[in-house]
Amino acid sequence: MAEPSRKYPTALGASTPDTITLLGHDLARDVMGEVGFGELAFWLATQQRPTKGQVRVFEAVLAALADHGFTPTAIVTRLTYLSAPDSIQGALAAGLLGGGSRFLGVTEDTGNFLHDVLASADELPADPDDTAGWDALALATVRRQRAAGRFVPGLGHHVHKDGDPRTPRLMRIAREEGWFGPHLQLFAAIGRVHPQVLGKTLPLNGAGVCGAALADLGLPLPLLRGFALLARTAGLIGQLAEELRRPVANEIFLSVDRNSRSLPPEPWKPES
Amino acid sequence: MAEPSRKYPTALGASTPDTITLLGHDLARDVMGEVGFGELAFWLATQQRPTKGQVRVFEAVLAALADHGFTPTAIVTRLTYLSAPDSIQGALAAGLLGGGSRFLGVTEDTGNFLHDVLASADELPADPDDTAGWDALALATVRRQRAAGRFVPGLGHHVHKDGDPRTPRLMRIAREEGWFGPHLQLFAAIGRVHPQVLGKTLPLNGAGVCGAALADLGLPLPLLRGFALLARTAGLIGQLAEELRRPVANEIFLSVDRNSRSLPPEPWKPES
Amino acid sequence: MAEPSRKYPTALGASTPDTITLLGHDLARDVMGEVGFGELAFWLATQQRPTKGQVRVFEAVLAALADHGFTPTAIVTRLTYLSAPDSIQGALAAGLLGGGSRFLGVTEDTGNFLHDVLASADELPADPDDTAGWDALALATVRRQRAAGRFVPGLGHHVHKDGDPRTPRLMRIAREEGWFGPHLQLFAAIGRVHPQVLGKTLPLNGAGVCGAALADLGLPLPLLRGFALLARTAGLIGQLAEELRRPVANEIFLSVDRNSRSLPPEPWKPES
Amino acid sequence: MAEPSRKYPTALGASTPDTITLLGHDLARDVMGEVGFGELAFWLATQQRPTKGQVRVFEAVLAALADHGFTPTAIVTRLTYLSAPDSIQGALAAGLLGGGSRFLGVTEDTGNFLHDVLASADELPADPDDTAGWDALALATVRRQRAAGRFVPGLGHHVHKDGDPRTPRLMRIAREEGWFGPHLQLFAAIGRVHPQVLGKTLPLNGAGVCGAALADLGLPLPLLRGFALLARTAGLIGQLAEELRRPVANEIFLSVDRNSRSLPPEPWKPES
């Protein structure tokens, strides 16, 4: 099928007049009706079909991240739809553009942080359930961050101060499915040991544990944010569907407008 | 839970310091690990949990639309990632912005067209499998479109001229699951009768049959394009994952650049 | 310079190791320092250098559309920046995505509507200042719209009910510069005659008169929305610059969040 | 005009039924027809009306960055328009999303780098034209970057290897207008001294000198990328206007499609 002279290789979708393949499989016969959507998203990202256990953990992550009510991304999608109802793609794209460092970034930051610690550790506990071994690594990690004046990504939550209910749940699901790997081990250990360094107990963030789980599943680390965005796309469609029936965007706009007040211009002072 | 004075109602995500709910359910306990991602996306859009049969048809649609290789949307996502690798959300959003009338629009157009025909028909076949009844409605429909000089959305495909393999497959899945409703009936009938009006046989487009199936599933018609975009988000993550390993975007850019040539400006002539 | 075998022609930017040209001119020598930004935008769109009069009218239009305070597009840009401060391009793009049919569409709709009326008129007043002639065409136009149950684009404004101050000002500028052409003539006539048909006096919308003026300037009609978006890009940068110093986005988000209330899910009822 | 209880202050656009103000001025009377578009964009960003000299330098920068032919951003805008011709805002937004670290980032990176060097220098030359003083600072700067294994932003260009024609031109314009400030001084000095450190002569990048000039003009450093995006918006409208008349997007798409080849999937290997 491959012609070496053709310069753009892909293992994703391909078609001829008679066939459509996806990931090397016949799309109609082997994928449609046979492969769930979470499973397919995982497969597309890794080019390897996930096991049932991987799919369950992955879909639990997507559920955890799909919608958090009136977040900035949800408000943005609704306001954009109000302004440009002819372009559903624009409303969804605008919402996703808020998926950056601050609101959706915890997932990515946590996964990458844990990965870097693991990759640079001299050795990891030989027995994956060697709690003391993980605790020692976690302790060194939290201490190093504190000494450098840096936060530990995924530690703390501005609402769920006494514990994010998603965290223990996702850890249990990962254990049940046999995908409680080194990233989750280290993250759990950070949860156990950080009070002795920081002098207070912080919750393990639910978006952070999602990053740890995605990393344990073997998904591409540079794209962790992408999975949060995939989950959020489903949530934003839900926001639009609700906006169609119980519109709030115009009232949001008007309440901002009503509460605005004019100030005289204030010249920008360049930093010196 | 509701306070009447609060003006922005939602049944989607909500949280208190101790709880997170989604669609009225405890997110951690009842959704994570229990609900697949396709199922969740359906539920978010309709606020009603779908049956297993609905989920299977829905996920078959998403599989059919997830990725079609180097489409404009895929090329756009890769080129945007090349230009701005620091912003995954920008690369995905840029790709989705191509999900408009021409490339992803068939799904939406077909679903809405079939719905309008059904809604304005004097009566529909009482027996859902009354083939002759559906054929009569389809015949009148194709004739009316032809008389008005308009195409029938979803009829024809620029590559799969002798038949889009997704179409019979999705119809069979819908039958198996008991969701072969009036939109699919009418679309199938259009496939049977159009040659007698048009004098040639056109394939039923796979993206079109997806629109018919989504409409039969009871999903919001104004958001049909949104489901195509959800599917495509998974596909675009796959494109980015492949671009990380087998980059082609720079070569695409260079091949355009190398093949460009300068022309003298040509003044715009306003239409008269 | 042109090689016929190269398949992507352009008269816009081009470079060799030693030169950079834009629109056939030496960029550094002939454009930088010589051509204003409004002038350049006009030139890029039409491939013909505008006169000073055209530039003045064009820049007056851009000024009229640049910023209207806390519109949905401005709120969206600020909220997106709050969420993803690492991506200025994402914040601007998200704001522009609200530039659709409802909020920025009047400019485009009015320009195109007037153009269509002019293009299908049997004859236009020979003397451009034949007020009675323009009034007759306007009267027929308003009557035809009313008979069809359609609005006249650009007629009416939800805030400036007794007159949009931008409208007479832009008309005067266009007259001063000799660019008060048939689109503005017809629009002004609609302003004079519509009360006899509609039984009430509506203001001529300032965004609408911008569309008429852009059409008279000979700019591409399919891109009228684009000029509104260009103006708005400058406005959105202003919004971001103000957000840096007097941030409001977080308070907007919190005020929506505080005013949200949970409702039980309500199943979507498919239209019948 | 201000009511202290209103919580969203702004000095930008505001309107009442009778008036529209922008930056504290009557929009119709004092801005439209009086203020050029580059001038207005500068004013919106700084809330201070620029001088004629500032405007000329600023508009020269915008001209330098408006369009560079078939860049990834231009290709993306054209392909998105091909896919979704109903949404001009989507095509422009998609193009802008490529305005990230790699293609438009030089402007921002250079401006910020120079600013940081100036802000942390013990002292700056008292006489702004003390070439020896600037050279000493530049030499220390280039040495420090080289010792740290880091590039100097704005040094080098992949096409204009013997000199970017925009650089001397912009420097001359800035001198003519009296806005050749410390950022440009330092950048010019880097151009003079770097060969003694690096052992080869690199050109000063035209996009980089733009960043230096914008910083000298006193524009907000966190938004330097925004001005490149403003310039590019005008360029992308030019690209769309040309695409309307000499379409190339479909041929670009087809040439990618024709040159694609299917490969077997290759499982992602998580980094260790």
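Every chain is named by a letter (A, B, C and D) in the order it is written, and numbering of its residues begins at 1.
The definition used in the following text is that a contact is a pair of C-beta atoms (placed from the backbone, for glycine too) under 8 Å apart; a residue touches a chain by one contact, two chains touch by 3 or more.
Computed from a predicted structure; not experimentally measured.
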item: Residue-number overlap at the subunit A/subunit C interface, same or different (half cut); value: same
item: Remotest chain, subunit B as reference, centres from CA atoms; value: D
item: Centroid distance [mean C-alpha coordinates] between subunit B and subunit A, Å; value: 24
item: Separation of subunit B from subunit D, taking each centre as the mean of its C-alpha atoms, in whole Å; value: 38
item: Touching two or more other chains - residue numbers and ranges from subunit B; value: 7-11, 14, 45-47, 69-70, 84, 86-87, 89-90, 93-94, 97-100, 104, 220, 241, 246, 252, 256, 260, 263, 266, 268
item: Of subunit C, residues touching subunit A in the complex; value: 69-73, 75-76, 79-80, 82-87, 90-91, 93-94, 97-104, 241, 245-246, 249, 252-253, 255-257, 260, 263, 266, 268
item: Subunit D - residues contacting subunit A, complex; value: 1-4, 6-11, 14, 21, 23-24, 45-48, 84, 86-87, 89-90, 93, 97, 115, 119, 215, 218-221, 256, 258-268, 270-272
item: Complex contacts: residues of subunit C adjacent to subunit D; value: 7-20, 22, 26-29, 31-33, 35-38, 40-41, 44-47, 55-56, 58-60, 62-64, 66-70, 74, 87-90, 92-94, 96-100, 104, 159-166, 168-170, 173, 176, 206, 220, 222-223, 225-227, 229-231, 233-235, 237-242, 244, 246, 248, 251-252
